[in-house]
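These notes are about the structure you will find just below.
For clarity, chains are labelled A, B and C in written order, and residue numbers in each chain start from 1.
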Amino acid sequence: MATIVEPTIFELSSPGRLGVTMPASDVPETALPPRNLLRSELPLPELAEVDVVRHYMRLSKFNYSVDDGFYPLGSCTMKYNPKINEDTCRLPGFLYTHPLQPIETVQGNLVLMFDLQEWLKEISGFTGVTLQPAAGAHGEFTGVLMMAAYHKSRGDSKRTKMLIPDAAHGTNPASAGMLGMSVVTIPSDARGNVDLKALAAACDDTVVGMMLTNPNTLGMFDENIEEVIKMVKDCGGLMYGDGANLNALLGIVRPGDLGFDVMHFNLHKTFAVPHGGGGPGSGPVGVSDRLLDFLPSPLVGIVEGGDDDIPPLYGFVTPKQSIGRMKAFHGHFGGGLVRAYTYISMHGPDGLKAISQFAVLNANYLQARLRSTYKIPYDRICMHEFVAEGSFEGSDVRALDIAKRLMDYNFHPPTNYFPLIVHEALMIEPTETENKDTLDRFADALIKIAEEAKSQPELLHNAPHITPFGRMDEVKAARELVLCCWLPENYETMK
Amino acid sequence: MTYIPISPNERDAMLNTVGVKSLDDLFDAIPQKHRFPELDLPPALTEMEAAALLNDMATTNENVREHLISFLGAGAYNHYIPAVVDHMLRRGEFYSAYTPYQPEISQGTLQAIFEYQSLMTNLTGMDVSNASHYDGATATAEAVNLAFAQFRGKRKKIVMSPTVHPQYREVVRTYSQGMGLEEAGDDATADLEVGPEALMSLVDESTMLVVVQYPDFFGRIHDYTKLIEDAHTKGALVCVVANPTALLMLKTPADMGADIVVGEAQPFGIPLWYGGPYLGFFTTKKSYVHKMAGRLIGETVDNRGQRAYVLTLTSREQHIKRERATSNICSNQGLLALASAVYMSTLGKTGLQQVANLCYQKAHYAASELSKIDGFGLCFTEPFFHEFVLCCPKPASEVNDYLLDHGILGGYDLGNDYPALKNHILMAFTEMNSKQEIDTLIEVLKEME
Amino acid sequence: MNIPSNLKYTKSDEWFDPSTGAVGISDFAQSQLSDIVFVELLVEEGEEVSAGKAIASVESVKASAEIYSPVAGKVSAVNKGLSDKPETLNSDPFGEGWMIKIEGGSTGDMMDSSTYEKDCEGRAH
C-alpha cells in the first residue's frame, strides 16, 4: 500500500457533517418531480468548512508557483502576476454582470473590451481583433478557420497544405489537423532560421499558409523574416503568427507591419494573466485587412455614435463573412480581459517596450553566464528565451535529471525535451520580472549541477531529494488508469 | 508602473556581460525599418490610478447584486458562492503555477484536479472525467470530435436537438466546418413541442452522435432513456449536455445510458463575470478515454512509496500526436475546476441538495404565480427544474424593456433564436431569488399595460 | 536486440512473416516507444489493404505511432485480444504481439533481417 500524504476530499468525508448550508425555503412547497426522474443517491463528500480549508491549504503547499520563486519555463512566460489584477477582476461590477444583459446596462464591460481590442491592434499592427478565443490553442484554431474560410471565399479549393517549421509547438499541426489539412514540416537552418531552400520547394498553389512562431522556440528571431513572408504570400498563402513569444516584441516590432495576416495573443503569457495551474488562458486573435471579414462573431463595436455630450453606445457587431462563434458568450472576460486591460493600462508605450527589452536582456544574460558550461547549439543574441543542451560528453546524465535536480535548489526547471530539434533540450525563459541576483543564483545552480553530473551522477538520477514528492511511476498511472475516486462506502462497488 | 526589478547599475553590468552597449543593441535581428514602432497608447498609470479607472468602468455597469433583480439564466446562472471558494483561489500557490508538468512540485494542482474529476464522475454517474474544457459549448464540440475520432470518419452525421442551447449549436457548427459533416435536427423552426423521440427519425446507420440537452434549453426535463436505447441500436453515440445543478436532484444521464455527458459548470462556484471564464466539464465511458481530448490526471506512486498524481495518457494529446490528435486543446480551466471542487466540498452533499431544492421551489412558486396573471402562461407542460418558458401577451423584448425600467432583469428573449417564440421569455430562478423578489416581479407584471 | 531472420522488415519498423502473413512491430520499435499503453487496430477482417495504409495506432507513455501495412492484400485475421493487453507489444512483439494477418502479400522491396539490423543501428544514436 502506498503511503497517503494527503487524503482525498472523498476520504475526508464523514456522513452527516455539514459545511455551508442554505437558508430555508421562503416559498410554498411544490412536490418534487415524479420519482422516476429523480436520482437515487448523491455520492458527494460531507465535510465541515474547516476540513475543506485545511485540505486545500495543505494541497497548495505541495505546489511551486511564481509567487514562490523563479519559474523559467521556456515559451510559457511565467512572469510575476501583479496583485492589483486580482482585485480589479473581482470588482462587483465585473463579477456580477450576466453575459446576456442588455448592452445599455453593461457599457463599462463593453468599453473595456472595445479599448482592449484597439490596444491589441496598436501593439500588434493588425486591423482587427477578436477577444473571443479562450486560450492560445483556441486562438490558433480560430486563425486556421479564418485562413480556410478566406481561400474558400475566393473559390480556391485546392489549398490543403499547411507549412509548419520543425521547431513549432504541437498545437500548430494539431490546429491544422482539426480542419483536415496536411502538414508539411519545414526544417530550420544552422542559424535557427527557416530553411529558405526547403521553404521554396514547398511553396506552391496548394499552400493554405504557414504557421510561424517568431521568435521561434529556439528563442531566435528569424533573420530572413521578410523573405519568408514574401515567399509564402507569393504562392498565395497566408501567414499565421503564433504569438506565444510576443513577450519579446512589445514596442520592438509589430507582426502586422512585418506582413503577418493573423496572430493569436496569449494574454496569460504576455499580459500577466496568471496561468492558474493550467488555465484558464485567454487567446485573442488579430488579423490584417485580408481576414477582417472572417473574424468570429460577435465583436465589440460602436453601435450608436455619440457626440460631445453623449458617449457612443457600445454593442456587438457581426463581421460580414464570419466563421461563426468560437465559444459561448464573449471570451474570458473577467479572468482574462480585465486583468490584461489593467496590466496594459499601467505600462503605456514605454513600459511595454521596457518589458521586452528586459525580457531579452535577462535571457541573454543567462545565456552568457551558462555558455561555457552548457552547449548552446544556436548561439547568437537570443530574444526572450534560449535553448541549451542538458547533457555532457561521457556522462549519462540527461536533461530530465538536470531539471529534477534544479528543484533541490528551489527553482522550477526549464521546459525540457522541447523543441525537438535540440538534443536533450533545456529551454530557458527568465522573463523581465526577475532580478540579477535571482538570475545569478540560477546560473550558479546550473553550473554546480554540471559539476555534480561528473562527480555524483546518482545524485541527479535520483533527484529531486528535498521536495515533498519524488519521481513518479508514470507507467503505472497509464496502465492502471485510476482516474477518479469515490466515497469510502462506495469504494468496493465502484472500483 | 513597472514590475522590472533591475536597477540601472545592474542593467549596465548585465549588458556588459552580454557584450552589448545598450538594450536596443539586442534587437539587430529585427528589420530596421520596422524596429521600435511608436505605439499610440494611453500613458502609463500608477496602480492607484489604474484601480480608480477600473473601478469607474465596473461601476458603470448595472449588476445583479447591487442594482438589478435578475431572472436571467440561459446558460449562466447567478448562484451564491461560499466565501471559502475565493479565499482558496487567491492562493498564489494555485493561481500563479503553470500546468503541472513537474509532478514532484505540483501535487497541489494534480490532486485538486483529480478530485475535481472524481466529483464530476460521481455527479454525472460516468466512468471518467477529463480535467475540463473551456466552457459548456466547446465541451459539446469536443464530444463531436470524440465521436468523429471514434468512428474514424466512417460515420459523418450528427443529430442535434433544436433544444440544445443556441450558442452551443453555433459553436458545434463552427468547430466542425472542416470535417465535412452532415448535420441534422439543428433547426430552430422545427416543432418544439414534440418529445425527444422525434429525433429518432433523423438517426440512421451513418449517425455518429446524437446531442440533447438536460434539462433542455427551455428547462424541460426529459427522460432520454428510450432515445438513447434506440440510438444505440443504430450504432450511434449519445451526448447529453447537462446542467450540473439539476443533476444534484435528477436522474443521472449515466442511468439513461448516455455515452458522453458534458456541460457548463459555471453554476458551481464561478461568478457570472460577463460570460467567462467558465468551466466546461466532459465525462464519458471508460472505453472512450483514449479518444477523449483534454488533460487527464491519474493516480500513481512516487519513488518514495507515496500515493501521488500525474498527467496521464498524454500521448493522446497534441504535443505528441500533433495533427493526429483528437483536438488541439492544451490547457484546461485549472483554477476554475479548483473553484468548482471547493464549491462542491464546502456545500457538501447536504448544502448542494439544498441549493437544488431551492432552485426548484422558487421556480415552481414563480411559475404558478406568473400563470395566474392575465395573458401570461407556461408554454410547455413537461416537468421543469429551475427554468421555464413564459408566454407573454406581447413581444418578449417589450416585456423585458418594461421590466428593466422597474429594475428587473427579465429572462431571455427566445425570439432571438426561435422565430416562433417572439412572445416567449425563458425565466431562470436560483436560491438567490427571494420570495420578495419574485413577488415584485409578479406585481410589476400585473401592472403592465 | 531481437531480429528474427525469417521475417521481412520495413523502414518504419513493421515486420511481415511471409509464411503466415502476420504483421507486427519490431523489437526495436517497441523499445523506442517504451511502455505501450494503448493499441487500436484500424482494419477489420476481410478488408483489402494497400501497402502503406495505416492499420493500427499505438500510444506509449511517451510517444505515439501509426503502424502501416507493409504489404498489399486481404486482412485474414486481426489480433482482437491485443487492445486489452497492449503491453504484449513490449513483451512479445514477434509472437503474441502480432497485429493482423494479410493474405496474398508480396514482400517486394522489404528488408531482410541483416539489412534491417544495420538500419536500426544507424538510427539508434
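General observations
We take it that a contact is a pair of C-beta atoms (placed from the backbone, for glycine too) under 8 Å apart; a residue touches a chain by one contact, two chains touch by 3 or more.
Note that the structure is a prediction, hence the values are computed from the model and not measured.
Overall, the chain located most centrally, as judged by its C-alpha mean against the mean of all protein C-alpha atoms, is A.
Counted by C-beta pairs in contact, the busier of A-C and A-B is A-B. Chain centres here are Cα means. That of chain B falls 43 Å from that of chain C. Centre to centre, using the average C-alpha position, chain A and chain C are separated by 37 Å.
Averaging C-alpha coordinates per chain places the centre of chain A 19 Å away from that of chain B.
The set of chain A residues touching two or more other chains comprises 474, 478.
Contacts with at least two other chains are made by residues 37, 61 of chain C. The multi-chain contact residues of chain B, meaning those touching 2 or more other chains, are 313, 320-321, 324.
Interface residues of chain C, counted against chain A in their complex, comprise 35, 37, 61, 87.
Contact residues on chain A toward chain C in their complex (touch as defined above): 474-475, 478-479. By the touch criterion given at the top, residues 37-38, 40, 42, 57, 59-64, 66 of chain C touch chain B in their complex.
Of all residues in chain B, those touching chain C in their complex are 152, 290, 313-316, 320-321, 324.
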